[in-house]
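So that we are looking at the same thing, I have put the structure below in C-alpha coordinates.
A, B, C and D are the chain letters, set down in written order, and residue numbers restart from 1 in every chain.
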Amino acid sequence: MTTQIHYAPKGVLRVRLEGELDHHCAFQVRRELDEAIDWSAPAVLELDMAGVTFMDSSGIGVVLGRYKRIKSQGGSMRVVNVPPRVDQIFSMAGLYAIIARG
Amino acid sequence: MTTQIHYAPKGVLRVRLEGELDHHCAFQVRRELDEAIDWSAPAVLELDMAGVTFMDSSGIGVVLGRYKRIKSQGGSMRVVNVPPRVDQIFSMAGLYAIIARG
Amino acid sequence: MEQHKNFMQMEIPARSENEGFARVVIGAFASRLDPTMEELADIKTAVSEAVTNAIVHAYANPGGIIALEAWAEPHRLEVAVRDCGRGIDNVTQAMEPFYTTSPETERSGMGFTVMQSFMDEVEVHSQSGHGTTVRMVKRIGCEE
Amino acid sequence: MEQHKNFMQMEIPARSENEGFARVVIGAFASRLDPTMEELADIKTAVSEAVTNAIVHAYANPGGIIALEAWAEPHRLEVAVRDCGRGIDNVTQAMEPFYTTSPETERSGMGFTVMQSFMDEVEVHSQSGHGTTVRMVKRIGCEE
(Lines give C-alpha, C1' and ligand atoms only; values in the text may rest on other atoms or scores of the structure.)
Protein backbone atom coordinates (compact mmCIF):
# COMPACT_ATOMS: atom_id res chain seq x y z
CA MET A 1 0.00 0.00 0.00
CA THR A 2 1.27 3.48 -0.87
CA THR A 3 0.06 6.85 0.38
CA GLN A 4 0.26 9.99 -1.73
CA ILE A 5 -0.05 13.10 0.37
CA HIS A 6 -1.04 16.52 -1.00
CA TYR A 7 -1.28 19.63 1.12
CA ALA A 8 -3.98 21.60 -0.66
CA PRO A 9 -4.83 25.27 0.06
CA LYS A 10 -7.36 26.24 2.74
CA GLY A 11 -6.19 23.61 5.16
CA VAL A 12 -7.28 20.55 3.19
CA LEU A 13 -5.01 17.54 3.55
CA ARG A 14 -5.60 15.20 0.62
CA VAL A 15 -4.31 11.64 0.83
CA ARG A 16 -4.63 9.09 -1.91
CA LEU A 17 -4.36 5.45 -0.78
CA GLU A 18 -3.28 2.82 -3.28
CA GLY A 19 -3.09 -0.95 -2.99
CA GLU A 20 -4.27 -3.42 -0.36
CA LEU A 21 -5.29 -2.00 3.00
CA ASP A 22 -5.00 -4.82 5.51
CA HIS A 23 -3.72 -5.22 9.07
CA HIS A 24 -0.15 -5.74 7.82
CA CYS A 25 0.11 -2.32 6.22
CA ALA A 26 -2.26 -0.52 8.60
CA PHE A 27 0.63 0.43 10.91
CA GLN A 28 2.56 2.17 8.18
CA VAL A 29 -0.48 3.97 6.73
CA ARG A 30 -1.45 5.13 10.21
CA ARG A 31 2.04 6.47 10.89
CA GLU A 32 2.25 8.32 7.58
CA LEU A 33 -1.20 9.83 8.01
CA ASP A 34 -0.59 10.86 11.62
CA GLU A 35 2.69 12.54 10.72
CA ALA A 36 0.96 14.52 7.98
CA ILE A 37 -1.95 15.44 10.28
CA ASP A 38 0.31 16.57 13.12
CA TRP A 39 2.58 18.53 10.80
CA SER A 40 -0.15 20.36 8.86
CA ALA A 41 -3.00 20.48 11.41
CA PRO A 42 -5.54 20.54 8.57
CA ALA A 43 -9.13 21.76 8.80
CA VAL A 44 -10.16 18.82 6.62
CA LEU A 45 -8.61 15.42 6.00
CA GLU A 46 -9.73 13.95 2.70
CA LEU A 47 -8.99 10.27 2.04
CA ASP A 48 -9.19 9.31 -1.62
CA MET A 49 -9.92 5.56 -1.71
CA ALA A 50 -10.05 5.17 -5.52
CA GLY A 51 -6.88 3.09 -5.63
CA VAL A 52 -7.73 0.70 -2.83
CA THR A 53 -7.87 -2.77 -4.41
CA PHE A 54 -8.56 -4.67 -1.20
CA MET A 55 -9.72 -3.72 2.27
CA ASP A 56 -10.87 -5.70 5.27
CA SER A 57 -12.05 -4.52 8.69
CA SER A 58 -8.54 -3.29 9.49
CA GLY A 59 -9.38 -0.35 7.24
CA ILE A 60 -12.24 0.64 9.53
CA GLY A 61 -9.79 1.03 12.37
CA VAL A 62 -7.44 3.14 10.26
CA VAL A 63 -10.21 5.53 9.22
CA LEU A 64 -11.84 5.75 12.66
CA GLY A 65 -8.48 6.33 14.33
CA ARG A 66 -7.66 9.24 12.02
CA TYR A 67 -11.16 10.63 12.51
CA LYS A 68 -10.61 10.72 16.28
CA ARG A 69 -7.23 12.35 15.91
CA ILE A 70 -8.37 15.11 13.57
CA LYS A 71 -11.53 15.72 15.55
CA SER A 72 -9.47 16.25 18.71
CA GLN A 73 -7.64 18.99 16.79
CA GLY A 74 -10.94 20.58 15.76
CA GLY A 75 -10.79 19.36 12.14
CA SER A 76 -13.14 17.18 10.11
CA MET A 77 -12.77 14.28 7.73
CA ARG A 78 -14.24 12.91 4.53
CA VAL A 79 -13.69 9.90 2.28
CA VAL A 80 -14.00 10.22 -1.51
CA ASN A 81 -14.06 7.84 -4.48
CA VAL A 82 -14.94 4.90 -2.29
CA PRO A 83 -15.01 1.66 -4.34
CA PRO A 84 -18.18 -0.47 -3.89
CA ARG A 85 -16.56 -3.17 -1.75
CA VAL A 86 -14.89 -0.66 0.54
CA ASP A 87 -18.17 1.19 0.73
CA GLN A 88 -19.93 -1.99 1.81
CA ILE A 89 -17.51 -2.44 4.73
CA PHE A 90 -17.68 1.23 5.75
CA SER A 91 -21.49 1.04 5.71
CA MET A 92 -21.47 -2.14 7.78
CA ALA A 93 -19.50 -0.27 10.43
CA GLY A 94 -21.85 2.74 10.36
CA LEU A 95 -18.94 4.95 9.40
CA TYR A 96 -21.01 7.40 7.41
CA ALA A 97 -22.83 8.45 10.56
CA ILE A 98 -19.71 10.38 11.55
CA ILE A 99 -17.57 10.72 8.42
CA ALA A 100 -18.72 12.49 5.25
CA ARG A 101 -18.64 10.67 1.94
CA GLY A 102 -17.61 13.06 -0.84
CA MET B 1 -4.53 -23.38 -22.54
CA THR B 2 -6.41 -22.79 -25.78
CA THR B 3 -5.53 -23.92 -29.29
CA GLN B 4 -6.48 -21.93 -32.38
CA ILE B 5 -6.33 -24.04 -35.50
CA HIS B 6 -6.06 -22.63 -39.02
CA TYR B 7 -5.96 -24.75 -42.13
CA ALA B 8 -3.86 -22.65 -44.49
CA PRO B 9 -3.45 -23.31 -48.22
CA LYS B 10 -0.72 -25.60 -49.54
CA GLY B 11 -1.14 -28.13 -46.77
CA VAL B 12 0.09 -25.96 -43.90
CA LEU B 13 -1.66 -26.58 -40.59
CA ARG B 14 -1.16 -23.54 -38.37
CA VAL B 15 -1.88 -23.86 -34.67
CA ARG B 16 -1.60 -21.04 -32.18
CA LEU B 17 -1.17 -22.12 -28.55
CA GLU B 18 -2.21 -19.74 -25.80
CA GLY B 19 -1.80 -19.97 -22.04
CA GLU B 20 0.10 -22.35 -19.77
CA LEU B 21 1.38 -25.56 -21.32
CA ASP B 22 1.88 -28.04 -18.48
CA HIS B 23 1.19 -31.71 -17.89
CA HIS B 24 -2.40 -30.97 -16.85
CA CYS B 25 -3.39 -29.52 -20.21
CA ALA B 26 -0.99 -31.57 -22.34
CA PHE B 27 -3.61 -34.29 -22.85
CA GLN B 28 -6.14 -31.90 -24.28
CA VAL B 29 -3.64 -30.07 -26.51
CA ARG B 30 -2.37 -33.39 -27.79
CA ARG B 31 -5.87 -34.60 -28.61
CA GLU B 32 -6.82 -31.41 -30.42
CA LEU B 33 -3.61 -31.38 -32.43
CA ASP B 34 -3.84 -35.06 -33.34
CA GLU B 35 -7.42 -34.66 -34.52
CA ALA B 36 -6.40 -31.75 -36.73
CA ILE B 37 -3.36 -33.63 -38.06
CA ASP B 38 -5.33 -36.76 -38.84
CA TRP B 39 -8.16 -34.85 -40.45
CA SER B 40 -6.06 -32.58 -42.68
CA ALA B 41 -2.90 -34.68 -43.20
CA PRO B 42 -0.84 -31.51 -43.64
CA ALA B 43 2.53 -31.27 -45.36
CA VAL B 44 3.66 -28.89 -42.62
CA LEU B 45 2.54 -28.42 -39.03
CA GLU B 46 3.38 -24.96 -37.73
CA LEU B 47 3.09 -24.34 -33.99
CA ASP B 48 2.88 -20.66 -33.08
CA MET B 49 4.13 -20.39 -29.48
CA ALA B 50 3.75 -16.58 -29.11
CA GLY B 51 0.92 -16.89 -26.60
CA VAL B 52 2.52 -19.49 -24.35
CA THR B 53 2.93 -17.83 -20.95
CA PHE B 54 4.35 -20.87 -19.16
CA MET B 55 5.86 -24.15 -20.28
CA ASP B 56 7.71 -26.92 -18.47
CA SER B 57 9.18 -30.16 -19.82
CA SER B 58 5.68 -31.47 -20.51
CA GLY B 59 5.76 -29.17 -23.55
CA ILE B 60 8.75 -31.05 -24.96
CA GLY B 61 6.72 -34.23 -24.97
CA VAL B 62 3.80 -32.53 -26.72
CA VAL B 63 6.02 -31.15 -29.48
CA LEU B 64 8.07 -34.32 -29.96
CA GLY B 65 4.95 -36.48 -30.02
CA ARG B 66 3.40 -34.37 -32.79
CA TYR B 67 6.67 -34.39 -34.68
CA LYS B 68 6.68 -38.19 -34.68
CA ARG B 69 3.07 -38.35 -35.81
CA ILE B 70 3.45 -35.94 -38.69
CA LYS B 71 6.75 -37.46 -39.78
CA SER B 72 5.13 -40.89 -39.97
CA GLN B 73 2.66 -39.31 -42.43
CA GLY B 74 5.50 -37.85 -44.49
CA GLY B 75 5.02 -34.27 -43.25
CA SER B 76 7.33 -31.88 -41.44
CA MET B 77 7.03 -29.51 -38.52
CA ARG B 78 8.19 -26.09 -37.38
CA VAL B 79 7.77 -23.87 -34.33
CA VAL B 80 7.46 -20.09 -34.68
CA ASN B 81 7.43 -17.08 -32.35
CA VAL B 82 9.03 -19.07 -29.55
CA PRO B 83 9.27 -16.95 -26.36
CA PRO B 84 12.74 -16.90 -24.73
CA ARG B 85 11.87 -19.20 -21.82
CA VAL B 86 10.21 -21.75 -24.06
CA ASP B 87 13.19 -21.50 -26.39
CA GLN B 88 15.51 -22.25 -23.49
CA ILE B 89 13.65 -25.48 -22.70
CA PHE B 90 13.42 -26.54 -26.36
CA SER B 91 17.19 -25.94 -26.73
CA MET B 92 17.93 -27.92 -23.57
CA ALA B 93 16.11 -30.87 -25.14
CA GLY B 94 17.97 -30.53 -28.44
CA LEU B 95 14.66 -30.05 -30.21
CA TYR B 96 16.04 -27.82 -32.95
CA ALA B 97 18.13 -30.71 -34.25
CA ILE B 98 14.95 -32.17 -35.70
CA ILE B 99 12.35 -29.40 -35.71
CA ALA B 100 12.75 -26.13 -37.62
CA ARG B 101 12.45 -22.83 -35.81
CA GLY B 102 10.64 -20.29 -38.02
CA MET C 1 -8.08 -37.38 4.12
CA GLU C 2 -10.75 -36.50 1.57
CA GLN C 3 -10.42 -38.18 -1.78
CA HIS C 4 -13.47 -36.98 -3.64
CA LYS C 5 -13.28 -33.27 -3.09
CA ASN C 6 -10.16 -31.38 -3.95
CA PHE C 7 -8.58 -29.84 -0.90
CA MET C 8 -5.52 -28.05 0.37
CA GLN C 9 -4.07 -27.61 3.78
CA MET C 10 -1.35 -25.13 4.57
CA GLU C 11 0.60 -24.01 7.60
CA ILE C 12 2.22 -20.60 7.90
CA PRO C 13 3.68 -18.58 10.76
CA ALA C 14 1.31 -16.14 12.48
CA ARG C 15 3.04 -13.09 11.02
CA SER C 16 1.29 -10.15 9.43
CA GLU C 17 3.32 -10.41 6.23
CA ASN C 18 1.46 -13.67 5.57
CA GLU C 19 -1.98 -12.02 5.40
CA GLY C 20 -1.58 -11.13 1.74
CA PHE C 21 -0.07 -14.53 0.98
CA ALA C 22 -3.06 -16.31 2.54
CA ARG C 23 -5.38 -14.23 0.35
CA VAL C 24 -3.52 -15.18 -2.82
CA VAL C 25 -3.55 -18.86 -1.86
CA ILE C 26 -7.26 -19.04 -1.08
CA GLY C 27 -8.01 -16.99 -4.18
CA ALA C 28 -6.04 -19.37 -6.40
CA PHE C 29 -7.64 -22.40 -4.77
CA ALA C 30 -11.17 -20.99 -5.07
CA SER C 31 -10.71 -19.99 -8.69
CA ARG C 32 -11.22 -23.60 -9.82
CA LEU C 33 -14.88 -23.20 -8.82
CA ASP C 34 -15.14 -20.38 -11.34
CA PRO C 35 -16.45 -17.77 -8.89
CA THR C 36 -17.51 -14.28 -9.91
CA MET C 37 -15.14 -11.42 -9.03
CA GLU C 38 -17.56 -10.57 -6.25
CA GLU C 39 -17.59 -14.08 -4.79
CA LEU C 40 -13.80 -14.22 -4.99
CA ALA C 41 -13.49 -10.92 -3.15
CA ASP C 42 -15.95 -12.13 -0.49
CA ILE C 43 -13.83 -15.23 0.12
CA LYS C 44 -10.53 -13.35 0.22
CA THR C 45 -11.93 -10.76 2.61
CA ALA C 46 -13.37 -13.34 5.01
CA VAL C 47 -10.16 -15.37 5.03
CA SER C 48 -8.14 -12.21 5.55
CA GLU C 49 -10.25 -11.46 8.65
CA ALA C 50 -9.82 -14.92 10.14
CA VAL C 51 -6.09 -15.06 9.42
CA THR C 52 -5.58 -11.56 10.79
CA ASN C 53 -7.44 -12.53 13.97
CA ALA C 54 -5.11 -15.49 14.48
CA ILE C 55 -2.14 -13.16 14.00
CA VAL C 56 -3.46 -10.37 16.22
CA HIS C 57 -5.26 -12.20 19.00
CA ALA C 58 -4.18 -15.84 19.24
CA TYR C 59 -0.54 -15.81 20.25
CA ALA C 60 1.20 -13.86 22.98
CA ASN C 61 4.64 -14.86 21.68
CA PRO C 62 6.10 -15.10 18.18
CA GLY C 63 6.41 -18.52 16.56
CA GLY C 64 2.73 -19.45 16.46
CA ILE C 65 1.33 -21.33 13.49
CA ILE C 66 -1.83 -20.78 11.47
CA ALA C 67 -3.42 -23.60 9.49
CA LEU C 68 -5.47 -22.73 6.44
CA GLU C 69 -7.53 -25.56 5.01
CA ALA C 70 -9.94 -25.58 2.09
CA TRP C 71 -12.19 -28.07 0.35
CA ALA C 72 -13.73 -27.54 -3.06
CA GLU C 73 -16.73 -29.32 -4.47
CA PRO C 74 -19.04 -28.12 -7.21
CA HIS C 75 -20.67 -24.82 -6.18
CA ARG C 76 -19.28 -24.97 -2.65
CA LEU C 77 -16.07 -23.87 -0.98
CA GLU C 78 -15.34 -24.70 2.63
CA VAL C 79 -12.50 -22.99 4.45
CA ALA C 80 -11.10 -23.49 7.93
CA VAL C 81 -8.62 -21.21 9.67
CA ARG C 82 -7.10 -22.76 12.78
CA ASP C 83 -4.71 -21.60 15.46
CA CYS C 84 -3.44 -23.17 18.66
CA GLY C 85 -3.47 -19.94 20.58
CA ARG C 86 -5.22 -18.54 23.64
CA GLY C 87 -8.73 -19.31 22.45
CA ILE C 88 -11.89 -17.28 23.00
CA ASP C 89 -13.71 -17.50 26.33
CA ASN C 90 -17.04 -16.19 25.14
CA VAL C 91 -17.58 -16.78 21.43
CA THR C 92 -21.06 -15.25 21.36
CA GLN C 93 -19.74 -12.01 22.79
CA ALA C 94 -16.68 -12.05 20.49
CA MET C 95 -18.93 -12.29 17.44
CA GLU C 96 -20.96 -9.21 18.35
CA PRO C 97 -20.37 -6.23 16.07
CA PHE C 98 -17.84 -3.75 17.51
CA TYR C 99 -16.74 -6.09 20.30
CA THR C 100 -12.96 -6.09 20.48
CA THR C 101 -10.37 -6.79 23.16
CA SER C 102 -7.76 -4.75 21.27
CA PRO C 103 -9.12 -1.20 20.87
CA GLU C 104 -5.67 0.20 21.66
CA THR C 105 -4.32 -1.21 18.36
CA GLU C 106 -7.32 0.18 16.47
CA ARG C 107 -9.08 -3.11 15.94
CA SER C 108 -12.67 -2.28 15.08
CA GLY C 109 -14.38 -5.37 16.42
CA MET C 110 -15.96 -5.91 12.99
CA GLY C 111 -13.94 -8.95 11.87
CA PHE C 112 -16.54 -11.62 12.62
CA THR C 113 -19.31 -9.38 11.29
CA VAL C 114 -17.47 -9.05 7.98
CA MET C 115 -16.95 -12.83 7.78
CA GLN C 116 -20.64 -13.43 8.46
CA SER C 117 -21.84 -10.97 5.88
CA PHE C 118 -19.54 -12.24 3.11
CA MET C 119 -19.85 -15.99 3.68
CA ASP C 120 -22.91 -18.28 3.78
CA GLU C 121 -21.88 -20.07 6.97
CA VAL C 122 -19.47 -19.10 9.74
CA GLU C 123 -18.84 -21.40 12.69
CA VAL C 124 -16.37 -20.68 15.47
CA HIS C 125 -15.03 -23.42 17.72
CA SER C 126 -12.73 -22.30 20.46
CA GLN C 127 -11.34 -23.66 23.66
CA SER C 128 -9.69 -21.40 26.17
CA GLY C 129 -5.95 -22.02 26.09
CA HIS C 130 -6.16 -24.46 23.22
CA GLY C 131 -6.96 -22.45 20.14
CA THR C 132 -9.64 -21.39 17.73
CA THR C 133 -11.07 -22.79 14.51
CA VAL C 134 -13.16 -20.66 12.18
CA ARG C 135 -15.01 -22.75 9.61
CA MET C 136 -16.68 -20.93 6.74
CA VAL C 137 -18.71 -21.99 3.73
CA LYS C 138 -19.29 -20.06 0.54
CA ARG C 139 -21.74 -21.25 -2.09
CA ILE C 140 -20.54 -20.35 -5.54
CA GLY C 141 -22.55 -19.74 -8.66
CA CYS C 142 -25.90 -20.30 -6.95
CA GLU C 143 -28.82 -17.93 -7.23
CA GLU C 144 -29.66 -16.36 -3.90
CA MET D 1 9.52 -25.50 13.25
CA GLU D 2 11.61 -22.62 12.02
CA GLN D 3 11.01 -19.33 13.72
CA HIS D 4 13.52 -17.06 12.06
CA LYS D 5 12.86 -17.69 8.43
CA ASN D 6 9.41 -17.34 7.05
CA PHE D 7 8.09 -20.61 5.75
CA MET D 8 5.04 -22.37 4.43
CA GLN D 9 4.04 -25.96 4.20
CA MET D 10 1.16 -27.19 2.15
CA GLU D 11 -0.47 -30.50 1.31
CA ILE D 12 -2.52 -31.10 -1.81
CA PRO D 13 -3.82 -34.19 -3.59
CA ALA D 14 -1.62 -35.59 -6.35
CA ARG D 15 -3.98 -34.46 -9.11
CA SER D 16 -2.93 -32.70 -12.27
CA GLU D 17 -5.36 -29.83 -11.72
CA ASN D 18 -3.14 -28.82 -8.78
CA GLU D 19 -0.04 -28.19 -10.91
CA GLY D 20 -1.10 -24.65 -11.72
CA PHE D 21 -2.21 -24.05 -8.14
CA ALA D 22 1.22 -25.11 -6.83
CA ARG D 23 2.86 -22.65 -9.23
CA VAL D 24 0.70 -19.78 -8.01
CA VAL D 25 1.43 -20.65 -4.37
CA ILE D 26 5.20 -20.87 -4.74
CA GLY D 27 5.17 -17.73 -6.88
CA ALA D 28 3.27 -15.77 -4.24
CA PHE D 29 5.52 -17.09 -1.48
CA ALA D 30 8.72 -16.31 -3.40
CA SER D 31 7.58 -12.82 -4.31
CA ARG D 32 8.44 -11.55 -0.81
CA LEU D 33 12.12 -12.01 -1.75
CA ASP D 34 11.60 -9.54 -4.57
CA PRO D 35 12.83 -11.82 -7.35
CA THR D 36 13.22 -10.73 -10.96
CA MET D 37 10.61 -12.01 -13.43
CA GLU D 38 13.25 -14.41 -14.65
CA GLU D 39 14.01 -15.78 -11.18
CA LEU D 40 10.30 -16.15 -10.47
CA ALA D 41 9.78 -18.08 -13.70
CA ASP D 42 12.77 -20.32 -12.87
CA ILE D 43 11.23 -21.18 -9.49
CA LYS D 44 7.74 -21.80 -10.86
CA THR D 45 9.09 -24.01 -13.63
CA ALA D 46 11.25 -26.11 -11.30
CA VAL D 47 8.39 -26.55 -8.81
CA SER D 48 6.03 -27.44 -11.64
CA GLU D 49 8.44 -30.20 -12.70
CA ALA D 50 8.76 -31.67 -9.21
CA VAL D 51 5.02 -31.50 -8.51
CA THR D 52 4.20 -33.01 -11.91
CA ASN D 53 6.63 -35.86 -11.22
CA ALA D 54 4.86 -36.64 -7.95
CA ILE D 55 1.53 -36.64 -9.81
CA VAL D 56 2.74 -38.70 -12.77
CA HIS D 57 5.18 -41.15 -11.23
CA ALA D 58 4.70 -41.47 -7.48
CA TYR D 59 1.29 -43.01 -6.97
CA ALA D 60 -0.28 -46.02 -8.64
CA ASN D 61 -3.70 -45.19 -7.15
CA PRO D 62 -5.60 -41.95 -6.69
CA GLY D 63 -5.64 -40.33 -3.26
CA GLY D 64 -1.93 -39.67 -2.88
CA ILE D 65 -0.72 -36.49 -1.23
CA ILE D 66 2.00 -34.04 -2.24
CA ALA D 67 3.68 -31.79 0.31
CA LEU D 68 5.11 -28.49 -0.85
CA GLU D 69 7.33 -26.70 1.66
CA ALA D 70 9.26 -23.47 1.30
CA TRP D 71 11.57 -21.36 3.45
CA ALA D 72 12.47 -17.78 2.70
CA GLU D 73 15.46 -15.91 4.02
CA PRO D 74 17.15 -12.89 2.49
CA HIS D 75 18.41 -13.74 -1.02
CA ARG D 76 17.58 -17.41 -0.67
CA LEU D 77 14.55 -19.57 -1.28
CA GLU D 78 14.48 -23.23 -0.36
CA VAL D 79 11.72 -25.48 -1.63
CA ALA D 80 10.94 -29.12 -0.92
CA VAL D 81 8.43 -31.25 -2.82
CA ARG D 82 7.63 -34.52 -1.07
CA ASP D 83 5.52 -37.53 -1.87
CA CYS D 84 4.97 -40.86 -0.11
CA GLY D 85 4.81 -42.83 -3.33
CA ARG D 86 6.76 -45.62 -4.97
CA GLY D 87 10.14 -43.92 -4.73
CA ILE D 88 13.01 -44.03 -7.22
CA ASP D 89 15.31 -47.07 -7.27
CA ASN D 90 18.20 -45.42 -9.05
CA VAL D 91 18.28 -41.67 -8.54
CA THR D 92 21.45 -41.12 -10.57
CA GLN D 93 19.90 -42.77 -13.58
CA ALA D 94 16.57 -40.97 -13.07
CA MET D 95 18.34 -37.63 -13.18
CA GLU D 96 20.02 -38.28 -16.53
CA PRO D 97 18.66 -36.18 -19.38
CA PHE D 98 16.02 -38.03 -21.44
CA TYR D 99 15.70 -40.90 -18.98
CA THR D 100 12.04 -41.64 -18.41
CA THR D 101 10.00 -44.63 -17.34
CA SER D 102 6.86 -43.20 -18.97
CA PRO D 103 7.62 -42.67 -22.67
CA GLU D 104 4.14 -43.98 -23.55
CA THR D 105 2.55 -40.91 -21.97
CA GLU D 106 5.01 -38.64 -23.79
CA ARG D 107 7.14 -37.78 -20.79
CA SER D 108 10.40 -36.41 -22.14
CA GLY D 109 12.73 -37.42 -19.32
CA MET D 110 13.84 -33.79 -19.03
CA GLY D 111 12.14 -32.93 -15.71
CA PHE D 112 15.20 -33.21 -13.47
CA THR D 113 17.39 -31.54 -16.10
CA VAL D 114 15.04 -28.54 -16.16
CA MET D 115 15.07 -28.34 -12.34
CA GLN D 116 18.85 -28.46 -12.29
CA SER D 117 19.29 -25.79 -14.89
CA PHE D 118 16.83 -23.36 -13.30
CA MET D 119 17.76 -23.80 -9.63
CA ASP D 120 21.09 -23.40 -7.83
CA GLU D 121 20.83 -26.66 -5.93
CA VAL D 122 18.74 -29.77 -6.51
CA GLU D 123 18.90 -32.73 -4.16
CA VAL D 124 16.79 -35.87 -4.50
CA HIS D 125 16.21 -38.23 -1.59
CA SER D 126 14.19 -41.29 -2.36
CA GLN D 127 13.51 -44.64 -0.83
CA SER D 128 11.92 -47.41 -2.82
CA GLY D 129 8.36 -47.88 -1.65
CA HIS D 130 8.49 -44.94 0.74
CA GLY D 131 8.53 -41.83 -1.38
CA THR D 132 10.64 -39.06 -2.80
CA THR D 133 11.77 -35.64 -1.62
CA VAL D 134 13.15 -33.08 -4.04
CA ARG D 135 14.90 -30.22 -2.24
CA MET D 136 15.84 -27.17 -4.27
CA VAL D 137 17.53 -23.88 -3.53
CA LYS D 138 17.35 -20.68 -5.53
CA ARG D 139 19.54 -17.69 -4.71
CA ILE D 140 17.71 -14.48 -5.42
CA GLY D 141 19.14 -11.11 -6.33
CA CYS D 142 22.75 -12.31 -6.26
CA GLU D 143 25.21 -11.67 -9.05
CA GLU D 144 26.34 -14.90 -10.67
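Basically, a residue touches a chain if its C-beta (ideal position, glycine included) is under 8 Å from a C-beta of that chain, and two chains touch if they have at least 3 such contacts.
Just so you know, these numbers come straight off a predicted model, no measurement behind them.
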{"item": "Reaching chain D from chain A through chains that touch each other, fewest steps", "value": "2"}
{"item": "Separation of chain A from chain C, taking each centre as the mean of its C-alpha atoms, in whole Å", "value": "26"}
{"item": "Chain B and chain C, separation of their C-alpha mean positions in angstrom", "value": "43"}
{"item": "Rounded Å distance between chain C and chain D, as computed from the means of their C-alpha atoms", "value": "28"}
{"item": "Per-residue multi-chain contacts in chain D, two or more chains", "value": "17"}
{"item": "Per-residue multi-chain contacts in chain B, two or more chains", "value": "none"}
{"item": "Pairwise chain contacts under the document criterion", "value": "A-C, B-D, C-D"}
{"item": "Partner chain C, residues of chain D touching it in the complex", "value": "1, 3, 6-13, 15, 17-18, 21, 24-25, 28-29, 32, 62-63, 65"}
{"item": "Interfacial residue positions of chain D with respect to chain B in the complex", "value": "16-17, 19-20, 23, 41, 44-45, 48-49, 52, 55-56, 98, 105-108, 110-111, 113-114, 117"}
{"item": "Chain C-touching residues of chain A, taken from the complex the two chains share", "value": "20, 22-24, 26, 30, 54, 56-58, 60-62, 64-65, 85, 89, 92-93"}
